[in-house]
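Each chain carries a letter (A, B, C and D) given by its place in the written order, and its residues are counted from 1.
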Amino acid sequence: MILSFDIIILIFLIVAAVISLNVKDLLSSAMIYGIYGFLICLLWAEMGAVDVAFTEATVGAGVSTVLFIATILNTRRKSSD
Amino acid sequence: MNPKIFASIAVVITGLVLLYGVSDFPTFGDPRSPANSGVEGGAPSTSLYYINESYSATKVPNLVTSVLADYRSYDTMFETVVVFAAGMAIFAILRCVGKDDGAVVAPQRKSSIDGDHNRIIVGMTCRLAVPVVQIFALYVIAHGHYSPGGGFQGGVMLGASFILIALAGNLEDALSRLSERSYMALAALGILIYAGFGVLPQVLGKNFLDYGALQKILLTDGPEMARSHSMLGVEIGVALTVMSIMFAIFANLSSRGTLKGGL
Amino acid sequence: MLEQLPAVILLAPLFGALLISLFGLRERRACFPVAFASLLIALASAIGAGTRAFTGGAYDYFIGGWEEPLGIGIVLRVDSLNGLLLIAIAVVAVLALIFTIRPSSEKDEGKTAYFYILFLLLCVGLFGITITGDAFNLFVLIEVSALTSYGLVAIGSSRRCKMAAFHYLLMGTVGASFYLLGVGYLYLKTGSLNIQDINTILATNAVVSESPGVTTAFILILVGIWIKMAFFPLYGWLPNAYSYCPSGSACLLAPLMTKVSVYVMIRVMLSIFGLEWVFGHPGWSDLVVWLAVIAILAGSIMALAQREIKRMLCYLIVAEIGYMVGGAWLNDPNLWGLTGAFYHILADAMMTLCLFLTAGIFFKYRGISEIADLDGIFKKMPLTSIGFVIGALAMIGVPPTCGFFSKFYLIRGGIEGGQWEYVAALLISSLVNAVLFFRIFEIAYFGKKPAEGHDHEHNHEHEHEHEAPAQTVLPAREAPLSALIPLLAAAALILLVGIFNGQIVELIRVAFEIPSTVVSNLR
Amino acid sequence: MVEFFLNTVKPHFNFWVYVILMMVGLWSLIAKNNLIKKMMGLAIFQTAIILFYVSLGVKDGATIPVLEHYGDYAEKAEPAGPDASKPASKPAPNPASMPAPAASNPADAFANPVPHVLMLTAIVVGVATLGVALALCEMIFKEFDTLEEDELLRKIKALHDDA
């Protein structure tokens, strides 16, 4: 664990989370959520939790984003917030 | 009440409660914290036990795998059941929506990764990538004892390879490789394998999921290797369930439960 | 073989669900027998496991044989408290299953297999929650039961059930997440996940037990469970979810989900933190009892305002949860409140099952969902009415039924604990229940031409609004046996649980480690 | 301000960030209008919890919980191993601020595996919940042709009044 690395990723994480929740286009929002997923995966690899990082990379960043996109394409892309 | 005001109040109160708890935490990264080494003056924590003893008891160097699939295998079994239950809930919600919904489905695209000329680049890349992804997924499942990985990760990757086929071509392509009937069967089979590894020791007179009792069936040198091998079996069961349910969730979501057309 | 019973309780419905998913999609007729058989096995092993705990005291079942040191593996712990609850869950599940033999409409028929799979997995989750001895495992099993119940709510064909299920999912997931977070705080302070182990550490190590982290953990866990059980300010999801879901699901969810959450709360107070720790914080008990009082009053008043039978019952559940939470927090010296709360879990499971079965029968076979449409139903369906009357009397709290005894214990706890507002709320709520149900009896017995009373004017208004063709077309016909058997069995159980209240309470109090002499004073 | 940061926030930086992320998730869960946005909030809420758990298991200077990376340690942990004579593993480098016994405990060389195991479970549970919620979203969209909560509530109310 390297503290400065840790702090930088954590700050990026907050930024990614806030942006993905505030973009009005849901498809971009889902993509930024994917970025958030990979950032947090990086964070866990850095914190020594390799198995969690692996799972997050496949499940959290991969499949979750795909599921979001599948739903968004089947419903409506624009949102009011 | 305006939801934003309500949300702000709820968030501030929850945040303050959480920070009140944080104020009392041990320093981040402290190896002497109660979670890492036990309460002061008490018995050492279970994590120390795992680090010190689990290798000799299970012969699995990856502590996460040995704890996940042996010491806390009951948790893991129900985690697989959660995935299975989620799959069943999604089918219950989306599947069998009736014939009148056929009109909603997008017209079926002609493109397919099998002999399609419109999407040749995507199709070829997918053809090349899918076997590699699947081989790597199998490696991840099988090598989970020695390196990061295991049933969940490998299973999700296997499922993702089918999702890739569905995304690059169309859903029929993927469903022709893993049909509805087979993914239902594989999902149930995965948990059956897992629970089977639990029930066999019961038949032999030991407790549920006591892999050590399988020594005679698996013909290993001692209970340690029996545990190690059973963990592999269990991981394969997990991988089967996770693979089929992940793909099935995508297939149902992308086609609104009709399993036709896809995205 | 006998010592394997705790695992068999969970495995029987699990294997049933797997068998259905392997074969049930093609052979729909096979679904019900498989589900019924597996639940019967579960019931038998629950009785076996419970009896062993009643006679021989609490015992542990170590999964994977990991016994030493405590907490490295996962342990199932059966004592007389959860022995009782296991049997109650199995009985309710079997009875609710019988009710689902006939699908309510053709559209649901394609979903039969999924319905039974979810039904059985929900039972797996509830059994698991009841007997697990591991705080994290409890979370996993809560999620098993939660995900299946979202599916069971959303499986119906009603337009609104999807939205109800979505809200239920949001609230349920937040509740479970808070619980998980609380367990994390506990793990951080104690380094253990085993319930018994945490309890020992908190009891012996004053530095840990007085730290803010543990207090926060308790608050988080409590709030999480309150969301799951729809305690007063957090109850919003319950009425929609339970009233819009199909009758078959409602008969399983309404009696069990919230009750098991109450059990989890009692388990957390009793077995993880210990009653001394919980009641060692001055003011907490009063605060929660006041919240419970508001819950009881609010639930009762809102129940009065409902026109639909199921919604009315849902608000009654909110009030009943107030009874149980308040009772568990009374902090009276002899723990009559806690005893009453646990007894009320069992009693309320039976009462709610009985009433929801009646509501389901009225809806399924008569197309009636509004109270005002019930007129003259007693003459048309006399046997159903008997079940309904018994359930209603239990809800009001008339002596031979279990509802009376649970209120008796709760009020006794309230008096001994000096929480008069709780006693008053209980009595007011009973009065409201009496008004509610006697209003229904009047409509159902005397029919459309009542003598007087403003309630009936109210009903007349609605009769004009809702012309109900179903009831005029249908001839006077009793519900089929598949609905009558569970209903009458539930009614009989209400009476049995009431009559044998002394023995049940004795078993409950053994688990609280109160000498039985106190109990014998009562009888 | 700087002092507050150094004394209070920095030793618990991960925990502060987890609280912030969690509050971001919770806020959007309650306040956002779009159901899919709500689900994203929920997903972020759940990752915040995972961040909390993983932060519990971190030890300064520890490596990943796979014994192979400390080959000789694995030999040592095996009591009947033939190479018992091999020298014990070097303890991980510890900052001077750590208490002295930390250096003597070889178990400190590995991160705590328990939170990792728990969080594998929680991640999978999270994606299962997400799948069910998105399926519900699709059905809600099919019934009401919108995913905005205020419109949905309005339409449901209209449905109620019609009935």
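By definition in this document, contacts are C-beta pairs under 8 Å (C-beta built on N, C-alpha and C of every residue); 3 or more make two chains touch, one makes a residue touch a chain.
All values derive from a computational prediction rather than experimental measurement.
Asker: Identify the chain pair with more contacting C-beta pairs: A-B or C-D.
Answerer: Result of the comparison of A-B and C-D: C-D.
Asker: From the C-alpha centres, identify the chain that is farthest from chain B.
Answerer: Relative to chain B, the chain with the farthest C-alpha centre is C.
Asker: I'd like to verify one number: the distance from the centre of chain A to the centre of chain B, where each centre is the average of its C-alpha atoms, in whole angstrom.
Answerer: Chain centres of chain A and chain B, defined by C-alpha means, are spaced 19 Å apart.
Asker: Can you compute the centre-to-centre distance for chain C and chain D, using the mean CA position of each chain? Integer Å is fine.
Answerer: Their C-alpha centroids are separated by 32 Å.
Asker: Please compute the C-alpha centroid of chain A, do the same for chain C, then give the distance between them in whole Å.
Answerer: 38
Asker: Centroid of chain A to centroid of chain D, CA atoms only: how many Å?
Answerer: Between these chains, centre-to-centre, one finds 13 Å.
Asker: Send over the residues of chain B in touch with two or more other chains.
Answerer: Residues 18, 23, 25, 29, 33, 35-37, 46-47, 50, 62, 64, 72, 75, 79, 82, 85-86, 89-90, 93, 148, 152, 249, 253, 256 of chain B touch two or more partner chains.
Asker: Among the residues of chain A, which are close enough to touch at least two other chains?
Answerer: In chain A, the residues touching two or more other chains are 1, 50-51, 55, 59, 63, 67, 70-71, 74.
Asker: If a residue has to touch 2 or more other chains to count, which residues of chain D qualify?
Answerer: As it turns out, chain D has residues touching two or more other chains at 13-14, 26, 29, 33, 55-58, 60, 62, 64-66, 114-116, 118, 120-121, 124-125, 128-129, 131-132, 134, 136-139.
Asker: Every pair of chains that touch: which are they?
Answerer: Those chain pairs which touch are A-B, A-D, B-C, B-D, C-D.
Asker: Could you please specify the touching residues of chain B with respect to chain A in the complex?
Answerer: Spelled out, the residues of chain B in touch with chain A are 29, 62, 64-65, 140, 148-150, 152-153, 156-157, 159-160, 163, 167, 246, 249-250, 253-254, 256, 263.
Asker: Residue numbers of chain A touching chain D in their complex, please.
Answerer: Where chain A meets chain D, its residues are 1, 3, 6-7, 10, 13-14, 17-18, 20-21, 26, 29-30, 33, 36-37, 40, 43-44, 47-52, 55-56, 59-60, 63-64, 67-68, 70-72, 74-76, 79-81.
Asker: Where on chain D is chain A touching in the complex?
Answerer: Counting only chain D, the residues touching chain A are 13-14, 17, 20-21, 24-25, 28, 32-34, 36-37, 39-41, 43-44, 47, 50-51, 54-55, 57-58, 60-66, 111, 115-116, 119-120, 123-124, 126-127, 130-131, 134, 137-138, 141, 146-148.
Asker: Which positions of chain A touch chain B when the two form their complex?
Answerer: Residues 1, 50-51, 53-55, 58-59, 62-63, 66-67, 70-71, 73-74.
Asker: Note which residues of chain D are touching chain B in the complex, please.
Answerer: 8, 11-16, 19, 22-23, 26-27, 29-31, 33, 55-60, 62, 64-68, 74, 77-79, 94, 98-99, 101-102, 105, 107-108, 110, 112-118, 120-121, 124-125, 128-129, 131-132, 134-136, 138-139, 142
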